[in-house]
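One chain, subunit A, appears in both complexes that follow, with subunit B as partner in the first and subunit C in the second.
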Partner chain A sequence: MDAILLQILNGLDKGGAYALIALGLTLVFGTLGVVNFAHGALFMMGAFCAVAFNKLLTLQSVTIDPSQTTPWGSPMEVRQPYVEAWLGESGKFLVDYSVPASILLAIPVMLIVGIAMERGLIRHFYKRPHSEQILVTFGLAIVIQEIIKHYFGANPIPQPAPAAFRGTAAVGEMIGLGQGLPYPWWRLIYLAFSLSIIGAVFAFLRFTTYGMVVRAGMRDRETVGLLGINIERRFTVVFGIAAVVAGVAGVMYTPILPPDYHIGMEFLVLSFVVVVVGGMGSLGGAVLAGFLLGILQSFASMNEVKAIIPGIDQIIIYLVAVVVLLTLPRGLMGRAGVMEE
Partner chain B sequence: MSSFIVTRRGLLRTGALSGLALAAPMHFVRGAYAEDKMSCNVPTGDTVTFGFNVPLSGPYADEGQDELKAYKLAVKHLNGEGDGGMLPTFSSKALKGNGILGKKVAFVSGDTQTKADAARDSAKRMVEKDGAVVITGGSSSAEAVAVQSLCQDLGVIFMTGLTHSNDTTGKDKKRYGFRHFFNAYMSGIGLGPVIGEAYGADRKAYHLTADYTWGWTQEESMKAATEKLGWQTVKTVRTPLGIGDYSQYITPVLNSGADVLILNHYGKDMINSLTQAVQFGLRDKQVNGKQFEIVVPLFSELMAQGAGEAIKGIYGTANWDWKLTDPGTKAFTQSFGKEYGTPPSQAAHTCYVQALLYADACERAGTFYAPEVIKALEGFDFDGLGNGPTLYRAEDHQCFKDILVVQGKEAPKDKFDLLEVRKIIPAKDVTYDAKIFGGDLGPADAKTC
Partner chain C sequence: MALNLSKQDWLLFLGFALVVLTMPITLQPLGAAYPALMQKFCIFGIFALGFNILFGLTGYLSFGHAAFIGIGSYAAVWMFKLLTMNALPAIFFSMIVAGLVAVVIGYVALRRSGIYFSILTLAFAQMFYNLAYSVLTPLTNGETGLQLTLNDPRMLDNMAGAATGGLPRVELFGIGLSGGGYAGFYFCAVILILCFFFAIKIFRSPFGLMLRALKSNQNRMRYTGFNNRPYLLAAFVISGVYAGLAGSLMAVTDPLAGAERMQWTASGEVVLMTILGGAGTLVGPILGAAVIKYFENIFSAFNEQTLHRIFDFLPDSIENPLVSVLSLFVGEGWHLTLGVIFVLIVIFLPGGIMEGFRRLSGLFNRGGGGGKPAVASHPQPAE
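Now for the complex of A and B:
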């Protein structure tokens, strides 16, 4: 029982990440009709906002101590972080909470990056075939990766969670199942975070006038345009929002997986499968499929399951995609007419 | 009409001059007999080209960049520039810092992308297009095995970089391939007694293993070493390469009854699996009345940096460490540190040594002709390159030397001081019979390209 509950939790936190990336992908596809292969790079850029913020907070003054030498005979450099020197304990606290605090940096950065990406490159490919959109956005993703690698190196850079959330929570006691079921605090926080971001995006689209116009534009872009609404501009902002969603998902994932320049690609392919299984253009479908595939992937990795079907953990996602598309060609919640021309 | 009269004096003079004329070329080609025997890319000009095949992209790119730095330093030292590095401490005194056999060392480099097929393509280009007489480098066993096989076909010597699978000098060994780095079997022999002493003889181990050649041999070696201690192997689970999130593989460990987790992962896989195992509280657990422990049989300084806090207290093995105190290590660390401002990694060390060993073998053989260079390397005993007395065993082209058991430091001074050398395992303890891993070196036939 414990093993099953643990795999459900694993699936939910993994699914949270898939759902957040897939949500952004679907938003962009639903509004602009663009298949954005650079979306994984946005997740990665968000993660590197956390890295950059941490580096900023841990900038150090360097003084040379001639009384000490390095093993290769150069004078030793003595380093003192500025923030700790200036702010004392508050500085240490700020460094400890650098991951959640870096969301404040990631939101404006990702919004600007998203809008710049859409205005500067992607808008020129709206009317081009999907294959060309895929090529150009994939190329863009590689360029972004190489830039990040140039400045931050190829090695993963660990970003610890705040000290207060580094241990495990006794989930068993929380839900009245007694002792056992230890689960990392940060993964639980990530799950709660992803649910709240998904809720916020849905609320924005559902309960604001802006969101209502965007939804209308997703249904019938031309008619909304005929009503005198500049739908292009709204869609640009939606692209920015999708970039922010991917970016903050990346920020909060850094304590789970030390980020490197390739982290976005690892999620991108799976997230595309999530979008297709959920139904192209369906926001609800993307979220549902994200959690579903996350949970199924976790169960497929159980030793008991692999004993029956060896290697199932490596193909489960694609197997589910094949079965869903054979039985429901539009995906779980796909709309008629999307990508069917 | 002139008449042609042969005199005795004239005949003697003509004979002497003809003899001199015929003998003269022999004076100029003395010592160059082997150039008559050509193998692939034997240099004919005044430079000799090395091919450095290192991962400059992909998950081991940082290691590859460190390897390339070491190679550039080796080229400098071979050509008599800089402080000479380990040339003065090397027991063989064949290298004089004037290139190799009077030829200046030049190099070309290629990016293996940490992929076997890309590594092969890059090595092939350097041999066929750039004229490299030797290929060296790499950071994974999959790359090493692939490039080694290619080099055997091309007739070009391959001095491997960082490769730890038993197969490289076992079932996949090749006459043209030479490995200075240690292997998984040696890690098992070295690490077994140390973790036995630290954690006791009554333990239950759970293995998570990277699903490729290196992982399989590492698991096999660690299983043999720990079972010899009396440990029980609860489960061995193969994990796909590069999956990122290991949570679904780690959670079954929690209820498996195991009290030790052995992570047969390397590079980014190791960083991710170790970080996540610590996040899941495995190291805080008590199982079977004992403290739960994690063991990582192979790790490097660069990986320790990636794993951060999670590496503290973790046991593993290493080929070499810059903090050793022998003259060779000191000279290399000083030279590398002055050049680049950081201490060298074990990947940098093994690559630097391999470049020197190849150059030295050419000098001792008096030729670049590959079959003669192979003979010079086979069974070569040397010292002064950082690992104590070392043998390049002729039967499998594996180096036998001291290896290190290391542990993640609890209170490192900086990011280069993450590992502590716990024990030096003498070469004789990690030496094994070459037959146990099978394989066939194949012929040393020269090939032209």
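Now for the complex of A and C:
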């Protein structure tokens, strides 16, 4: 029972990341009709916002303190982050919470990047065939990756979670099962975070006038345009929002998986599978498929399952994708007439 | 097979063969005339040529073609290990295996089109890639890669009593092919020329015409009473066999097979080559493959020192910033150059280099009308 609960938690966790990326992909596809292969790169950029913010906060002064010596007899170097020198205790707190705090940096950065990307490049590809959209965004993803690699190096850069969330939580007691069922705090936070972001995006689309217009535009952009609404500008904003969602998903994922420059591509491939399984253009489908595939993947990596079907953990997602695509041509929740033939 | 090519096609074919075979001389000034690099031109040329038969003719964008490269390599190395170091059986075996796998993948993936087809092929390729590291390790030797060892059975060779000390080399009736010699290059070159010949035949055949028709309007084809599926499957299998052949040639020139050849970035690379050269044209993809491999070689050899040496004549205040900007694009960062070129090509020249040629020649003789033939008559595989 414990093992199963643990796997469900694991799966929800991983599924949260898939769902967030897939949500952005679907949003972009549903509004702009563009297949964006650079979406993983946006996730990666978000993760590196966290890295950059952390680096910025831990810029430190090095002074030589003659009154102290190291055990080897040489004068002791005292390193102190500037932030701590200036802000004292609250500076320390800020350094500790650098990962969640960098969301504040990531939101404007990703919004600007997203809007620049849409205005500068993707705008010109609305009418081009999907294969050309795939190709140009794929090229763009390579460019972003290589620039990041040039400045941050090729190795993964671990980011610590805030000290308060580093340990494990006794999930079992929380839900009244009595036993321990220890689970890392940060992963629980990530799950809650991804759920709230998903909820926020859905609420934005469902309960605001802005979101209503965007949804109307997804159905029929021409009619909405004829009503005198500048739908193009709204779609640009939606692209920005999708970029922000991918970016903050990347920021919060850094303590779980140290980011390197190709982390985005790995997630992108899986997220595309998620989008297709969920049904192109269906937001609910993307989220559902994200969590579903996440859970399936973590169940497949249980030793008991691997003993029956060796190697299943490596291929389960792709296998499910093949089966779903062949039996449900529109994915789990796809609408009719979206990307058929 | 009847050799009834038109006069123009014969010229194209002979010109192509001439250019390929004289590469060791013509590439001297470019500094690319060493066998190991020219081999790569040929091998990736074959890969791109085959990919183009699928993508260029039918418009089906496969994102999983690298799987066939990997399968071809593994099959070839197994042939070396089990039977003989002669290259020919290995090549045939690889083509057969890759073809069989292509039948299976194609049968499933071709039930869908558009982005769904891309995702399905990608899914299959990723499955092969992941399995090569886990369950299939007895066949693939996991991360180490499949290598020749001293105590391989090599049944045919041992029957002939050709046991020697040390690891044997891949050979073709006594001529050593592996290790980056000219023999290896000419072997690959001849196979590339043969592949090119088959590609011309396919492009000019009713079958090729049918594939193009499928690209422009599948429904109309269906209404006229054609069953599309077998044609698509045939194109998929042919391109899979080409990729398997390319993979086996990789194993011939360097008898080692690793799963990283199957990674999806490798599939992306062949798409890139095809687009860069010009999808749907005959020589374009080969040209694209050669250009990419050439620049990979040149650019990744550059580093900051070489750049400083090149821009030595400039005053320091200009030289240093210039070098620091350019160093982004060379050495380790040559992928960035590749990405930028790629984006620019897709934006401004979706037809690739071949369309660039056509536009240029269109500029020079405007009077001749816009109806240029789809294939330029000057194939230059390594411009």
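Keep this in mind: the second predicted complex is superposed on the first by the 322 of 341 C-alpha atoms of A that agree within 3 Å, B and C clash if a C-alpha of one lies under 4 Å from a C-alpha of the other, contacts with A are read in each partner's own complex, and residues count from 1 in each chain.
Here, a residue touches a chain if its C-beta (ideal position, glycine included) is under 8 Å from a C-beta of that chain, and two chains touch if they have at least 3 such contacts.
Every value quoted in this text rests on a predicted model; they were computed, and no experiment measured them.
Colleague: Could you look at A:Q314 and tell me whether it touches subunit B, subunit C, both or neither (first, second, both, neither)?
Modeller: Both partners, subunit B and subunit C.
Colleague: Between subunit B (first) and subunit C (second), which does A:P160 come into contact with in this model arrangement: first, second, both, or neither?
Modeller: Touch status of A:P160: first partner only.
Colleague: Does the superposition put A:S301 against subunit B (first), subunit C (second), both, or neither?
Modeller: first
Colleague: For A:L326, select first, second, both or neither according to whether it touches subunit B, subunit C, the two together, or no partner.
Modeller: In the superposition, A:L326 contacts subunit C only.
Colleague: Is A:V269 in contact with subunit B, with subunit C, with both, or with neither (first, second, both, neither)?
Modeller: second
Colleague: Kindly classify A:K149 by the partners it touches after superposition: subunit B alone (first), subunit C alone (second), both, or neither?
Modeller: both
Colleague: Does the superposition put A:R187 against subunit B (first), subunit C (second), both, or neither?
Modeller: first
Colleague: For A:S131, using the defined touch cut-off, is the partner it touches subunit B, subunit C, both, or neither? Pick first, second, both or neither.
Modeller: It touches subunit C, and subunit B stays clear.
Colleague: Once the complexes are superposed, what residues of subunit A are shared between the subunit B interface and the subunit C interface?
Modeller: 149, 314
Colleague: Tell me, which parts of subunit A touch subunit C in their complex?
Modeller: Touch list, subunit A to subunit C: 35, 121, 124, 128, 130-132, 134-136, 138-143, 145-147, 149-150, 265, 269, 272-273, 276, 280, 310-311, 314-315, 318-319, 321-322, 325-326, 329, 339, 341.
Colleague: Which of the residues in subunit B end up touching subunit A in this complex?
Modeller: Checking each residue of subunit B against subunit A gives 57-62, 65, 235, 237, 240, 242-245, 247-249, 251-252, 254-255, 268, 271-272, 275-276, 279-281, 284-285, 302, 305-310, 322-323, 330, 333-338, 341, 343.
Colleague: Residue numbers of subunit C touching subunit A in their complex, please.
Modeller: My answer: residues 59, 61, 108, 111-116, 118-120, 122-124, 126-127, 130-131, 133-136, 218-219, 264-265, 268, 271-272, 275, 328, 332-333, 335-336, 338-340, 342-343, 346-347, 350.
Colleague: For the complex, give me every residue of subunit A touching subunit B.
Modeller: It comes out as residues 2-3, 6-7, 10-11, 13-14, 70-74, 149, 153-158, 160, 166-168, 182-184, 186-187, 255-258, 260, 262-263, 266-267, 297-298, 301-303, 313-314.
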